[in-house]
Amino acid sequence: MPILKPYKLCSREVKSEDTVIDVKGVKIGRGHMVVMAGPCSVEGKDQLMETAKAVKAAGATILRGGAFKPRTSPYSFQGMEEEGLKLLKDVSEATGLPIVTEVMNPRDAELIHRYTDIMQIGARNVQNFSLLREVGKMEKPILLKRGLATTIEEWLMSSEYILSEGNNKVILCERGIRTFENATRNTLDLSAIPVVKEKSHLLIIIDPSHGVGYWQYVDSMSKAAVAAGADGLMIEVHWKPEEAFSDGPQSLKPHKFAKLMEELRPIAKAVGRSI
Amino acid sequence: MPILKPYKLCSREVKSEDTVIDVKGVKIGRGHMVVMAGPCSVEGKDQLMETAKAVKAAGATILRGGAFKPRTSPYSFQGMEEEGLKLLKDVSEATGLPIVTEVMNPRDAELIHRYTDIMQIGARNVQNFSLLREVGKMEKPILLKRGLATTIEEWLMSSEYILSEGNNKVILCERGIRTFENATRNTLDLSAIPVVKEKSHLLIIIDPSHGVGYWQYVDSMSKAAVAAGADGLMIEVHWKPEEAFSDGPQSLKPHKFAKLMEELRPIAKAVGRSI
Amino acid sequence: MPILKPYKLCSREVKSEDTVIDVKGVKIGRGHMVVMAGPCSVEGKDQLMETAKAVKAAGATILRGGAFKPRTSPYSFQGMEEEGLKLLKDVSEATGLPIVTEVMNPRDAELIHRYTDIMQIGARNVQNFSLLREVGKMEKPILLKRGLATTIEEWLMSSEYILSEGNNKVILCERGIRTFENATRNTLDLSAIPVVKEKSHLLIIIDPSHGVGYWQYVDSMSKAAVAAGADGLMIEVHWKPEEAFSDGPQSLKPHKFAKLMEELRPIAKAVGRSI
Amino acid sequence: MPILKPYKLCSREVKSEDTVIDVKGVKIGRGHMVVMAGPCSVEGKDQLMETAKAVKAAGATILRGGAFKPRTSPYSFQGMEEEGLKLLKDVSEATGLPIVTEVMNPRDAELIHRYTDIMQIGARNVQNFSLLREVGKMEKPILLKRGLATTIEEWLMSSEYILSEGNNKVILCERGIRTFENATRNTLDLSAIPVVKEKSHLLIIIDPSHGVGYWQYVDSMSKAAVAAGADGLMIEVHWKPEEAFSDGPQSLKPHKFAKLMEELRPIAKAVGRSI
């Protein structure tokens, strides 16, 4: 492996205290855990509004939803694009939930920045350096997912591309790495939490939905993430997972999500945090 | 991958309720978490006795220690062998802690069975089918570690080798799989907990020490394992990790272990379990 | 893993005969092997010109060289950018060698398309779908590297993004996948050759330099690739590897490259091909 | 990863010239390539005899066949055991082909040593150190397969267990490592050839059948192995692959094997070797 230059802006040596980010009044970090929830894809106004209300009632404080979707096949549903962004904005205003949505193309960054509160860089773009530089010049927080084969060292180096352009509001998101195991969609690497916390002041949240790929295991891994010291969770929730345009098998129904939120609170308390 | 015959004896279909094992009065399963702790290798009487007393005082209920050590190099310390077994027995009697130790050779199985309370099959022997059959004919519980590249399906099939010989006291132990990430020694696959619990009635515990390879991360992963629903933990503890004959970097000092045990209790309680 | 829609345009079912591509008179496919060689990065006029002459003399028919470099760290050398493109063009005109160089940003695609003969999509961008669509609208051939954790199925699906936009001149390039092994930089998956040839009519070449990461092993893997049925090779060559701005350890010196070319010819002949 | 003591007996520093092994007159090493071929499992006398004659006629010089079979499930066919050994012996005497067969249990080592000419240690037992020591005390050559998650460094260290007991006739066999790719059963790591050749004087052969898992790809990878400098091949051949007790999908029919042998000869010649 090439020897990398040492980390700079993301490192504890440059900034020892933990980063805290405020997203329209939602504080993330130093004991304040965030739960981002919502559908994989924005599919329509009713779907989004009902899901948003349900996840808010259960305690989620950020709404997630994809408008531009990175899909393995060009023949799969590619997202509602700008129409999806508008729906996200409408639902955000109606519910008061800030939103997070993905940007894939540097050319769309401006557009998405206008609509969203947090910009997500997906796993496939973790080393799309042109895109990282682009969002690094913007103001809103960046959720940077780890890639399927990205070492923690490389992931932190990708955050440097954003930080070095001036945007210091980076939230790392572990979402599973690719291994030989196929009982789960990916292998959720929860040890990334203590490793990142040791080396960096950046926030780190966990996406158990992509990590395991089956809703049955999301519950257990969400609890583990909270106990391990994550700064938050990102969870896929859908009213009718069997009809979802994407990632149905890993989406929780709203009542299961609500039950999970109940069960997470005492664990968070046990590790000195609040959800 | 070859299509396997369906699981039989380890499966929920054959036996729906969770397995419970009693090791000299120490109950494991259905809410009773076990903590097995001690040094990687048995190195001498004082080392073992002092460590045993310390881990017992902190709340561990089983003593671990290797007498026959599987080492990558034939030129590394290979364990104290039978002398080590005797020390384990002595310390067990003095402290009242049952012991767990590894068996590597079918020819030594009888010998080790005489001394120990739980027989451990190490990661490298998870598909040593001759050894699995051998311990399957014995009475004492078997701790079956997952191999570095063993799928959960294969691991459960290895348990079938033991169960089909008549020994139904199998404890699975996840201890990290091998991936591309090298910030940790292995990648601890905590999602194995819900996957195993769904498919099997067998107990599953977590070895975070081997999973991460550095003591700094053991704390976080132990908490995660408890929250995720593991039936127990196996943790390496050493008085002077820097002088340990093996695995020093991943061993906790006794006072750190004691602090961890304190912190684990409220998490266990939050998920309806006791340590 | 998500169930993908079946391949369309890349598949043997749609087009049974092998693809052949003509790059300024250099035929690739159906027995005509191509060797693309040159430095990892364009570093200056003399370096490039001397290397180009040397690789041409040895039998290479395409010149490689990076002007826009994807680097893990933002603090590493990022390439000479447009100045580098101009040097490539000059050297191409002087030597008659067509060139291949990487495009990373959709916004730069037009610029690079003006200068180069083949556009390379690097491993990190194999699922940068915006970029794939962009180059899919262009005329020149696309060299599509496999990602570090990309399955062959996903890689072929990425080629569909290009093909479905109208550009049917895709050359796949295997350059190693990421595994646990660290004696080599990556693990070169030569079995990708027969797998791709079975499923697809597209060309596939091998980049042993990135695959193994050390010049000592490039020789052996180049021979293996030819014998296995690859349509070509991409090899890094540098006059002074110890002073290279990037990837020095995996670069061959010109005289070693010339010797390798000599040794490849009888192997190519033995499998009914010519270099 | 633990820092290992340096290699001793397997290293080039201790013995610079390549090892050569003579198996009943079959020379392996220094230009003499060996082809070991035969069925995965010994299934009966006729099957074995006919296959042996066919592979001999095609040019194979060692007969392979499993009598003790390591199977993931205890409910799968486990081999004909001693009866299988007898059949191997009979067929060996009738055809003049020396044989190679697997040993799994230290207790069976004596028995198998009596019947076979080369003792095989399978991938699952590459770090079964008790077994390695056992065969290290014996006289016949040992074929040591690489494990699914064994680094080359660990593999060489396993060879040290054999060498340090006095048996210096070790043949390493690469048979694929476990990765995320599932178009092939395993990922055949042909770069192990130059890496092993650089560090060690031991012989290394390739098992493309297990490496790829489908007969369609065995041809291409066999050619690649020869070109890359392997000292030999181990190939599964079966008269009726669709009826094989194990590994049918990766077995070549005799006429395909014969055709492959024809095609390998000019490649071997091109790299200065003979088959």
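Labels A, B, C and D are assigned to the chains in the order they are written; within every chain, residues are numbered from 1.
Criterion: a residue touches a chain if its C-beta (ideal position, glycine included) is under 8 Å from a C-beta of that chain, and two chains touch if they have at least 3 such contacts.
Keep in mind that what you see is a predicted model, and the values were worked out from it rather than measured.
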{"item": "Maximum centroid distance from subunit A, chain identifier (CA atoms)", "value": "D"}
{"item": "Between the pairs A-B and A-D, the one where more C-beta pairs touch", "value": "A-B"}
{"item": "Computed distance of Cα centres, subunit D from subunit A, in Å", "value": "47"}
{"item": "Centroid distance [mean C-alpha coordinates] between subunit B and subunit A, Å", "value": "34"}
{"item": "Multi-chain contact residues (two or more partners), subunit B", "value": "149, 177-180, 182"}
{"item": "Chain-level touch network, classified as line, ring, star, complete or other", "value": "complete"}
{"item": "Complex contacts: residues of subunit C adjacent to subunit B", "value": "178-180, 182"}
{"item": "Touching residues (chain side subunit B, partner subunit A) in the complex", "value": "149, 151-153, 177, 179-184, 187-191, 193-195, 197-198, 211-212, 216-217, 219-221, 223-229, 263, 266-267, 269-271"}
{"item": "Interfacial residue positions of subunit A with respect to subunit C in the complex", "value": "1-2, 4-5, 8, 70-76, 104-108, 124-125, 127-130, 133, 147-149, 154, 157-158, 160-161, 164, 178, 182, 185, 246-247"}
